[in-house]
Amino acid sequence: MALALNKEELSQYLVEVFPQVRDDFAIEALTEDSVIMRLLTAERHLRPGGTISGPSMFALADVSVYAMVLARVGRQALAVTTNCSMDFIRKPDGDAQMIAECRLLKLGRTLAVGDVLMFSEGSGKPVARATLTYSIPPAGSAAASF
Amino acid sequence: MALALNKEELSQYLVEVFPQVRDDFAIEALTEDSVIMRLLTAERHLRPGGTISGPSMFALADVSVYAMVLARVGRQALAVTTNCSMDFIRKPDGDAQMIAECRLLKLGRTLAVGDVLMFSEGSGKPVARATLTYSIPPAGSAAASF
Amino acid sequence: MALALNKEELSQYLVEVFPQVRDDFAIEALTEDSVIMRLLTAERHLRPGGTISGPSMFALADVSVYAMVLARVGRQALAVTTNCSMDFIRKPDGDAQMIAECRLLKLGRTLAVGDVLMFSEGSGKPVARATLTYSIPPAGSAAASF
Amino acid sequence: MALALNKEELSQYLVEVFPQVRDDFAIEALTEDSVIMRLLTAERHLRPGGTISGPSMFALADVSVYAMVLARVGRQALAVTTNCSMDFIRKPDGDAQMIAECRLLKLGRTLAVGDVLMFSEGSGKPVARATLTYSIPPAGSAAASF
């Protein structure tokens, strides 16, 4: 149940395998079964009206569960998303950064499941929720062959 | 943000509009934005091997969100499910009753969203999770015409 | 890409491992990547107002994908549902039997994905849709340990 | 059941309300209940290894259903996504453009549901599937208040 990577190791590994995260996401906190991730909101994440785009919220949820899985299984860049469900619940505040709270619900031998609540920073009402399933490649394999 | 029905009124109304719940489900606790529901596990909910069937878990999640919505909007029997996502995470324990913890994420004018974690009683590890959306008929209308 | 079980073998195997299907479901047609399943609608599947219950529709979708997977991989009773998403689109007609059209989208080494459209017999408008993921236990293992 | 906007009007309106689509998406074909949309794959849609990113596939599915809804209800820019489920089924081919085939399953007074299959151009095997629900603002209202 221990972390394979601490917050600093995880941040560094994410940037290594997934360079685009450097400017988009920052890990705020990490425990054995949860991570808090910040979307570093920039012009490219917005839609007319100042709201945050659906694809940006999808990306935030996806990277949160990916980071959570890697924190536990270690440097396994080839974990892949197999399923996602999302509910868009309220209009996000385009002036606030978006915060994702991710819980790891399951870490099995081949599948991991995490769910995510997303908030506009400073508000307690969820803007969106998501659940994602990741397929984890067997140790030693070249890739997830789900 | 107040409850339109308290726990006793809600239990009674559910039995009235939905008589099959009497033997299948019991409300354990109710707050303004959460409900805990028990599946009164019986032979008909089981699958060979003593595990609880998928349709029984679906029914538990569905009735939990339905009850939560009615607790807030009052006697609106015609609220209908429009969407459900579920993840089956662990094998449930067929010897234990199943407990659902439902949170209300959104109660809008026409849509409500609730999510549900399900546990075998006595275990802290979730067996399944679900999110459901309900369409709420406008006050005075004969039915939800989503 | 060939079927491991033909329609008669599949029907017989389903009844063997899953006796409750005998009275609830009938396979209408089977190809290498599709199955048509009928819900043999009875009083126990209905809700007040004559509509078919959500759990009955869930069960129909679930058994359709399960049957499709077994038709391809053979007698692997221990395949388990890991994820389901459903949309309830129209009020079903309680006087008509419900027909599910299932397509196999993916049959991998460990995961299978099928989607399902459900119709009230005689109507061309879908009543519901669902997508289910099954975890397939490795050959020779005692169970799916997803 | 007629189209409110033809293919040219729809393309033009999408660019108007949603300028970023100009470089990302192109409508290939439009009927009363289906649309075929192309992702104009560029460097920014790719992940290391040459595969198309999850957020790009989400965006393709989302814009496909949005376009389908607008084609039927007319210039209603404020329709908003309320729910999405996606399955990632195969590794997309980063060298091929991605094609989405969207079917409109339901167009109600307040909710529309569409589903989408995504293919790497030239391949008949789906790379991903998605179902999205849109909330349609009442005629004359300033916004969808779901």
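Lettered A, B, C and D in written order, each chain numbered from 1.
Convention: contacts are C-beta pairs under 8 Å (C-beta built on N, C-alpha and C of every residue); 3 or more make two chains touch, one makes a residue touch a chain.
Everything numeric in this text was worked out from a predicted model, so none of it was measured.
Across the assembly, the mean Cα position most removed from that of chain B is the one of D. Simply put, chain B must spin 180° to overlay its Cα atoms on chain D, rounded in steps of 5.
Chain centres here are Cα averages; for chain B and chain D they lie 32 Å apart. Here the spacing of chain C and chain D, counted between their Cα centres, is 28 Å. If you average the Cα atoms of chain B and of chain C, the two centres end up 23 Å apart. Each of the following residues of chain C touches two or more other chains: 82-83, 85, 87, 133.
Contact residues on chain B toward chain A in their complex (touch as defined above): 85, 87, 89-90, 105-106, 113, 115, 126, 129, 131, 133. Residues 17-18, 47-48, 53-56, 58-59, 62, 80-88, 91 of chain D are the ones touching chain A in the complex.
Those residues of chain B whose C-beta lies close enough to touch chain D in the complex are 82-83, 85, 108-111, 133, 135, 145-146.
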